[in-house]
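In what follows, a structure is listed as structure tokens, so that the remarks can point back to it.
First chain written, first letter: the chains are A, B, C and D, and each begins at residue 1.
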Amino acid sequence: MARDLSVQIGSLSLKNPIIAASGCFGYGLEYAGSLDIGALGGVASKGLFLNAREGHAPPRIVETPSGMLNAIGLQGIGVHRYISEKLPELRRLGVTNIVNVCGTTIDEYCEVSRALTDAEGVHAIELNISCPNIKEGGIQFGCIQESTYAVVSAVRKATTLPLIPKLTPNVTDVASFARQCEDAGADGVSLVNTFLAMAIDIETRRPKLTNGMGGLSGPAIRPIAVRMVYECAQAVKIPIIGMGGITCAEDVIEFIIAGAAAVQVGTANFVDPFVWNKLIDGLTSYMERHDIARITDLTNTMTKGK
Amino acid sequence: MAIDVLAEILTNRALSADYNVVEFAAPDLARLAEPGQFVMVKTSLGNDPLLRRPFSIFEILRDATGQPRGVSILNKRVGVGTNLIYSTKPGDRLNVLGPLGQPWPRQTADEHWMVAGGVGLAPFVTLAETLAKTNARMRLFYGGRSASDLYYASLFETLGATLVLTTEDGSQGEKGRVTAPLERALSARGTTNVTLYTCGPTPMMRAVATLGAAHHCQTFVSLEQVMGCGMGGCYSCVVQVNDHATPHFVRSCIEGPVFDASRIIWDALVH
Amino acid sequence: MARDLSVQIGSLSLKNPIIAASGCFGYGLEYAGSLDIGALGGVASKGLFLNAREGHAPPRIVETPSGMLNAIGLQGIGVHRYISEKLPELRRLGVTNIVNVCGTTIDEYCEVSRALTDAEGVHAIELNISCPNIKEGGIQFGCIQESTYAVVSAVRKATTLPLIPKLTPNVTDVASFARQCEDAGADGVSLVNTFLAMAIDIETRRPKLTNGMGGLSGPAIRPIAVRMVYECAQAVKIPIIGMGGITCAEDVIEFIIAGAAAVQVGTANFVDPFVWNKLIDGLTSYMERHDIARITDLTNTMTKGK
Amino acid sequence: MAIDVLAEILTNRALSADYNVVEFAAPDLARLAEPGQFVMVKTSLGNDPLLRRPFSIFEILRDATGQPRGVSILNKRVGVGTNLIYSTKPGDRLNVLGPLGQPWPRQTADEHWMVAGGVGLAPFVTLAETLAKTNARMRLFYGGRSASDLYYASLFETLGATLVLTTEDGSQGEKGRVTAPLERALSARGTTNVTLYTCGPTPMMRAVATLGAAHHCQTFVSLEQVMGCGMGGCYSCVVQVNDHATPHFVRSCIEGPVFDASRIIWDALVH
């Protein structure tokens, strides 16, 4: 029997639940020479502001046990060049484009979102209110419930595209932020972005990252991310895109059972850019083994207790 | 196009307590490789260390009929990943991703001078082999701390390169830095059109770039930034270049590792 | 030159800054047959309530990438049996005892603390307001600033012993909790306790831990813990005991540079029960190499930026 | 007292695609070891996998003069750590911590019957050797899925044990479970005073405990709980026992792994 891997998030249709995570897959085209990026459930673009940004001075990453810190600082080409230089080719390759939108003000979030709404080939907006690496924007919207509500509802008015705010794990109660997004009209939420973290060079007594702090991603954070996805799934009805440390099909399944409708994969793509087929194949064979017809039947199916 | 191969280690040859050469069985990858490209090697099975490590493709290994059968890397122990590679055994398998990055560009100069420091020798074997096929005139300026740091010099000699060796302790070749004989040679070259290629410690590459500019030689550098992915996905490996009005960051894994030296803003370079 | 490893936290004197973390070293005596537990800077006891507790049904731990989850559920013998059955031998072995105090009510925290104050051989109280693994106590005091202030100031009145509240990392702004502790009269703070996390068995679709969720510890969390210690060090003047994923002397030094006066080591002791001498030796040789006379000179010495 | 040894692997003998025996050079540890104790092995160098894995001490290795020179473990691949141990090579070094836990208690019964299932054979070689020294009468009831799962049976024969083998597919010995011949033997033993020792899958151990109780035999079980530390530090390895009025949890790493079977509350036991 064919297994149905498709997932619906608002009006966003994914052919399968495996999405390349924002900031971990360039603009997607970097990988087009080596794999069929149109076969992915979706590609979340690198975070885009209105204008181009240079990002932080290197070193921008440092490895940690089963994880990595990054402080890229959202280097990017800005939304207009994305639309003119990247979208046409992405469209041609049949990519489901989930564009990660950044802003330093609510107005900027809205303006970027409007530009994307007018463009051809954008399938959804992932609202980045959770980047830990820049002072002037992002995470402060994601750490105060009122601000989350404000920015999500403002962008909701600015776009008809499916709207998926991306939550930060650096809060006491992530589910309350998911609820704010739901109340503000979001079509789904994605989580987690990276954990604010730090590594110090003990010889120089300076941070290993030029920027000082960075965001922790990778397998190290997976158990926390799974818990947070589970908490959100108990709190909201809108679909959840789960992520944080996924490396194999078993990890994908864990997030889906915890409550995710779809998942994103970031750091693991650095380790294995050909991970995608392994994830999709592993998911399919799990569904066969457990006789699950539709992947949506697996979402949020954890049994509590013994 | 890059491919990922779970490659068997054919041999692991220790050159010293810190240097070794590992040969991987990887015919498909070897077929695709061009001089100066690199591979990303996963040094462990588990999640720690997590990320792959970049290595220049040192040699293209060939079978008796000349068909590519694999690649080797020249490894220098500096931390956890390079230590793991040092201690691999034949029969072990590691994931090798590649070939990656921009190769050395083909040049039509009268002479080709390679300037290597330490493990910076790695990207030059493939270059020298390619140049040798065209009977191009080559020199290798090769510097190390002492005689025991200079490996494979005779291979370059076999390929027809003139050797200029230096060691800091004077135990082989000229005593001092490799840039000293390079500068003299540049001054003495007359009207010979020379292209410079360099890889090694950043201060050395910078000095070579400066000499190259002063002597109006086209100069290429192969940079070694910390790389998270090697494929343009993470934006970790950036170097600042000056092509446009304002300096900007480009990814050295896909625009490099080989750069025209005149593009590099050296003051912004880490390592 | 002899290196001075001693550290002062309120009236608590430590011969060196390396403490066995609570819940990771039994009551200390388990290790007395194999190593000199009196040589440690201190031993933080397993968390103690007034009465004995059975803890959760196993499985109580599960390994995760570079970390582990635990939901022991604070199995323990209660404070009175600790005083009568463990303290005499601990005293005889010259152990610096930092007793980890739990409670389900403020009254219980105070009563346990009073009993310890009256006992002989207790050197400090570590107030556990951060255990993620039990519903009825602990973490709810650690996640609301007012509650933190209330419990710390109540226990402050109940004891003359050095008082060190232990903070949870499961909050948006850990430094604000450190400030509450300082204001309430604490002599220091220790952090981090474990991160609330979860792992799901994808075959049974049940949590791998019987208790459902558990606390993540080990090297995986280190970069987040270092960041949190750093943030607290910018916020309070009282000494900080840092922990979270320390495995080697380099890690100890990283925490100290980030702002810790002393450190605790938990999970690493499971991996290597003889880690203690390696930590102390490594610390000493670093001090020699960097010509640091007193370890206190290293605390909070990170240089920001490039 | 436990010690930790960075022990060189002397040999790694594959018994099948899943079972192997690894010999460690660890004379000091071997000297301290008693029958039924275990070691905690660090299966990787890095942080992943992080925790050590518990293994029964399978054999005490001795040199020509009879001096202890190391220990071996009988390893069955079930996950990441046991996989790593399966693929180790002689010359590799792993940290081995031990000896840990309570040994099999010395008993003065007329006969000593060991009941092993699969890899549960591991703690019995040391017991049989010790019993053999006193010329005690021994039987080994040993069950596996098929003939190829029954290892080292002849070693026990050499030590003087009577063998009772069973396989689920009937390829060797009696077809079926090991508890069937055990039950018959218990019924047939007359007034012989028998002590039972068992290690293997939990259902098997439970069945043996039930038979032991029904036939009034002192019965010891060696339990295999998930262990974080092996030294009493983490309270992960608890099993519920009934010594007191109310059931309570005790740490199987320091009160066990060997328990008087009558103490165990089997319904509460995981695995």
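By definition in this document, a residue touches a chain if its C-beta (ideal position, glycine included) is under 8 Å from a C-beta of that chain, and two chains touch if they have at least 3 such contacts.
All values derive from a computational prediction rather than experimental measurement.
Note on connectivity: the fewest chain-to-chain touch steps from chain A to chain C number 1.
Mean C-alpha positions place chain B and chain D at a centre distance of 53 Å. Separating the centre of chain C from that of chain D, both taken as means of CA atoms, is a distance of 36 Å. Per-chain CA centroids place chain A at a distance of 48 Å from chain D. Contact with two or more other chains is made by residues 57, 65-67, 218-220 of chain A. Residues of chain D in contact with two or more other chains: 46-49.
Taken as a contact graph, with one node per protein chain and an edge wherever two chains touch, the assembly is complete, since every chain touches every other chain. The touching residues of chain D, counted against chain A in their complex, run 46-48. Chain D makes touch with chain B in their complex at residues 44-49, 80, 84, 89. Here chain C touches chain B in the complex through residues 65-66, 219, going by the rule given at the top.
Contacts from chain C toward chain A in the complex involve residues 57, 64-67, 69, 143, 170-172, 195-200, 202, 204-207, 210, 212-214, 216, 218-224, 226-227, 230, 245, 250, 253-254, 257-258, 286, 301-306. Contacts from chain D toward chain C in the complex involve residues 1-4, 42, 46-52, 95, 97, 225-226, 228-229, 231-239, 248-249, 254, 268, 270.
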